[in-house]
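Remarks on the structure that follows.
Labels A, B, C and D are assigned to the chains in the order they are written; within every chain, residues are numbered from 1.
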Amino acid sequence: MDLLDFARGPALQVAAYILVAGVLWRLVGILMLKEKPEFSEPRKPGGFMAALKVIYTRSFTAAPFKRATLYPKMLAYVLHIGFFAVIFLFVPHIVFFEGFLGFDWPGLPNNVIYLSGVAAVVAGLALLVRRLTDPVLRLISNFDDYFSWFVTILPILTGLIMPVRMGVRYETLLAIHILSVAVLMIWLPFGKLGHTFLVFVTRGTTGMVFERRGAKT
Amino acid sequence: MTTVDGRHTLDREAERLAYKPPEVRHDIQGDMETEERVEKAMHHFVKNFNSQTASYLDGCLHCGMCADACHFHVRTDDPRYTPIWKLELFKQAYKREAGPFAFFYRLFGFKKKVTIDQLEEWQHLLYDSCTVCGRCSLVCPMGIDIAGLVSMARHGMFMAGLIPHELHETAKRAAETGSPLGITADKFEDRVEWMADEHEVEIPMDVEQADVLAVMSSIEIQKYPQSIAATAKILNAAGESWTFRTDGFEATNFGMLSGNPGWQKEATMKLINAAIKIGAKLIVLPECGHAYMALRWMGANMYGKPLPFKVMHISEYMADALNKGKIKVKKVDTSVTYHDPCQVSRRGGATQAARDVIRHLGVDFREMEYGGDYNWCCGGGGGVVTIKRADPLRHRVFKLKMDQVEKTEADELLSSCANCRQSFDDSQEHFNWDYKMGSLMEMVAENLEDEA
Amino acid sequence: MTLKDPIRSPIPFSRGNVRPLLNEIIHALDRLLDDDEPTVIDLASLPFAPGELEELEQTLGTGELTAELDALGKSFIRETEYPGVWWVEHHNTGGEVVGRYIEITRSPEILMSQDADVGAGRARLRDSFENSGPELNKEAGK
Amino acid sequence: MKTIPTLGDILQAQGVSRRGFMKYCAATASLLALPPAMVPRIAQALEQARRPSVIWLSFQECTGCTESLTRSSSPTLEGLIFDSISLDYHHTLQAASGDAAEAARHAAMEENMGQYLVLVDGSIPMGNPGFSTIAGISNYDMLMETVEGAAAVVAIGSCAAFGGIPGANPNPTGAVSVQDLVKDKPVVNVPGCPPIPMVITAVLAQFLTFGQLPELDIHGRPVAFFGQTIHDRCYRRPFYEQGKFAETFDDEGARKGWCLFKLGCKGPITYNACATVKWNAGTSFPIESGHPCLGCSEPGFWDKGGFYAPLSTGNFGSGGKLAGAAVAGVALGAAAAVAGRRRQAKYTKEA
């Protein structure tokens, strides 16, 4: 078994098991803690729709905070959108998803994907620089933040190197790329990258709590 | 003083690219052993971890944007005032004790046990520099209610005897005498009588059966007693069957502010019991922000079942009465701006009520820039106004409010919270800031049309 | 230059290998004129899409000179519309193409008579000349 | 020792002109992927080259490799290369059989000790020597005996180079490749199923011309032919970059000749010269005919997860295991929550 077979086979398999188990572990571990009772008379119906509303609305910055958070938000948008484009709109990736989802969707030309990837990496670097220099971020950051940054950027970088090649064999680069994705998958449930699924829980919770009060969400 | 505008200090001695931690100030209550304190803090942190808090504490991205929403950070640039950093110990306790991976956190020591030194340092962060105004909760991209968590973290601090003295004393007095300012039932009765005479208004007291139970805050009874008369005028004008009760008149809840859930429940239950006793259908809360949070949104949870009556803030009551034509007001020829009490508007959801009332008053209303739900806090909420040592910081923060108010160029500033009013008064004095500050309720009471 | 010269096929724009190759040829012509340095481009080493080779051949067109060589199979040597650019194709005895080149030179090497062949030919000629000489002379003398 | 004629002598004897020889040299340069400027040097070297002896051993194979090499209509220029070697043993092609054939092999070995080339097609069964024998000799024994005095070994085809199809999972015969067994002689792998005939010829031409073996890559393959991927040299590559893919074998994309990546093309990880050298005397290659590359020149190509599974598809194994992981995750989460609640309850009591 060569490196590529290992990456595509056991490495991805184990990563997928850990990803699925880890995500459920964390979600169940959180959601099965005791419930907070709520007896107050609601001003507005809260519930599921309220959760959905905030899941959507918190994707945008409220006007009063726009100026102060413009720079990091902009970078975060570029990072997220770029990353999402790379993951979900690069045709070989779509084929990857089709492999276990059973359906596919249209992709984008590779040049657009490369550009998205580069943009995501640049935004990621800018965010890292910010994390390393901004006093607030320096204070509140820990290992998780830096490691999560690393495992997020790594697959984009290893992916972007593939068309450039730089004298390394394609299958080796592909193997490294897949392995870096496996690392991302393994780490995702445990660190702050858990926000990929927790964001629905936290925003949803706030939506339900505050919407029923009729308060600002 | 070298401070030019408070934001950019001319400190030439400061180390570059490093922040100078402000000297750690802390108070201690009781004579527990250090270990016992830490244990207590931990236990009362842990008690709060339910699925909701857990998702919040697990979800933080460390993006730091809450710092940009917090008046304490905005005015000082001190990174420690980053809202989520104020919860660091709470988070630390959660990850170690109740999180999904708590076992590994303990096993490998990824998160250390909280220490007494940390707790002492965080006293300043959880009390002096947080008004629980909830502005940070609105900026958080994950939608984490940071302010709500601060309230919970305070439980551990209180039980460990690690809260600012003044707040502790105030809360203790409230628990012992029923009022944070030591206003007993007799004293309340005196004040009510005095106001009834002074303003020539009928004020029902200890009526056995009434539809509406009106309650007051100590600050009003003590400092702004005309509020008592104003409340009475409005309720009388609306033709309500209402009463004050000596067994349930205090709306403030310092048990909640200081972090003692037991005291919080006691204070809440007094009001609930009084209302049930007289068969009230409604409790009208006074111009007080945290009272609204304590009874309107947390009351039923303290009671353990839905309340058998409605709860309204006075601004909500007035808006309702005006909209329904139960009371009428004369047009007032002035320009006003309105300061939203955080717990009523942003966190309570009654933002529109005050605006409805103002519309009926027919004044030239000038909304502050990002007023309403995104309003800057007065700086005195969450019990901060009682903490003497926090005064310089509170004053510094108030500058934001001043700018926001002055920008409207309105003749008068109205609010609907005695606590806000008190911190305005205090800060106005500190800055020699000459600005007319009034109560929305009093303006309504003064301009009631008699025939209504 | 001939009178026919001004008629030129337009160069179609295509995405494949044709354009870069034409550019390559232009630079090779520079080298030929400036430094007297010929260039040979081995077309077998380039990945052509179906039809591309034909497109290239058509684009270069046919010039004044076409030669056919018969040695270990046929070879076709043709000057293109662009003097100095030669299309050279070697076939084996089965008629299959074994080599296809574009040579940028004044005259492809393969057209030159090779010393070895010249020598062999001379020997052959001399041999037949000497061996059949007397008879020839006698016939002539008659 | 018999006198070995030079290639120049042979060609002269056949009446090949100098021009013909030049053609031949140009073709050889092309074959060796050498620049045309090298033609004079090749000519010089070839004139003096001596005809090497070649012994061809066929083990667990399908004769496809031999077919590939011999199917082209003769006489070709490549064929000339073969004319210039002395194929002293090839049990499929030679007339002699049985003892006579083995005698020829031994004779060639003795006469050219240390000089001859061994070409092998097919893999060697290590499970049971009886799986494949020639004249009662096991493949292993014959290989080891023959390579003893060889100058070099050329493994022709993926079976000889990497074990190939006999070596595919579950590998019932315990098939191994030549390089697994031959450690003390240079081994050149010319994989492919079958290999491109010109590549086989080129290795021989290189040996013939320069008396040396070509430069090899990590899998022992001549870099000149296996230095680039099919994908890199594929004329359909622009469609890959534009995101235009054939989805099925009969859709519009397939008709328009779009990229076959989604149909499982292994071009990106397959190193071979098909895209430039092409097949059937330069006619086309599989992708040009509308079929994705199978990656036949790569080690273990048969076991790479399906010819029609796109390259970027992960091999996730059974859904059952994934479901198991999900159940485990839920269980761990529940256990963690229960533990958290227990601690809470304990603390509440203490507090």
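Definition applied: a residue touches a chain if its C-beta (ideal position, glycine included) is under 8 Å from a C-beta of that chain, and two chains touch if they have at least 3 such contacts.
What you see is a predicted model; the values in this text were computed from it and never measured.
Colleague: Quick check: more C-beta contact pairs in A-D or C-D?
Modeller: Of A-D and C-D, more C-beta pairs in contact link A-D.
Colleague: Using C-alpha centres only, name the chain that sits farthest from chain A.
Modeller: C
Colleague: Indicate, using Cα centroids, the chain positioned nearest the centre of all protein chains shown.
Modeller: Chain nearest the overall C-alpha centroid, as shown: A.
Colleague: Where the centres are mean C-alpha positions, what is the separation of chain A from chain C, in Å?
Modeller: 62
Colleague: Just give me the whole-number Å value for how far the CA centre of chain A lies from that of chain D.
Modeller: Here the centre of chain D sits 42 Å away from the centre of chain A.
Colleague: Rounded to a whole Å, what is the gap between the Cα centroids of chain A and chain B?
Modeller: 36
Colleague: Which chain A residues touch at least two other chains?
Modeller: In chain A, residues 25-26, 28-34 touch at least two other chains, as defined above.
Colleague: Using the touch definition from the top, which residues of chain C touch two or more other chains?
Modeller: Residue numbers touching two or more other chains: none in chain C.
Colleague: Out of chain B, which residues touch more than one other chain, so two or more?
Modeller: Only 49, 54, 98-101 qualify.
Colleague: Give every residue of chain B touching chain A within the complex, in rising order.
Modeller: Residues of chain B touching chain A: 19, 49-56, 58-65, 67-69, 73-74, 77, 79-80, 82, 84-85, 88, 98-101, 137-145, 296-301, 303-307, 310-311, 345-351, 370, 373-374.
Colleague: Quick check on the complex: what are the chain C residues that touch chain D?
Modeller: Residues 15-17, 40-42, 44-50, 52, 69, 71-73, 75, 90, 92-94, 96-99, 101, 109-110, 114-117, 120 of chain C touch chain D in their complex.
Colleague: Spell out the part of chain B that touches chain D in their complex, as residue ranges.
Modeller: For this pair, the touching residues of chain B are 39-40, 42-44, 46-47, 49, 54, 97-103, 159.
Colleague: Given the complex with chain A, which residues does chain D contribute to the contact?
Modeller: 218, 229, 231-232, 240-243, 245, 261-262, 268-269, 299-300, 303-305, 309-317, 321-322, 324-326, 328-330, 332-334, 336-338, 340-341, 344
Colleague: Write out the stretch or stretches of chain D touching chain C in their complex.
Modeller: Interface residues on the chain D side: 16-20, 22-24, 26-27, 29-30, 33, 35-37, 72-80, 233-236, 238, 257, 275-277, 281-282, 284, 288.
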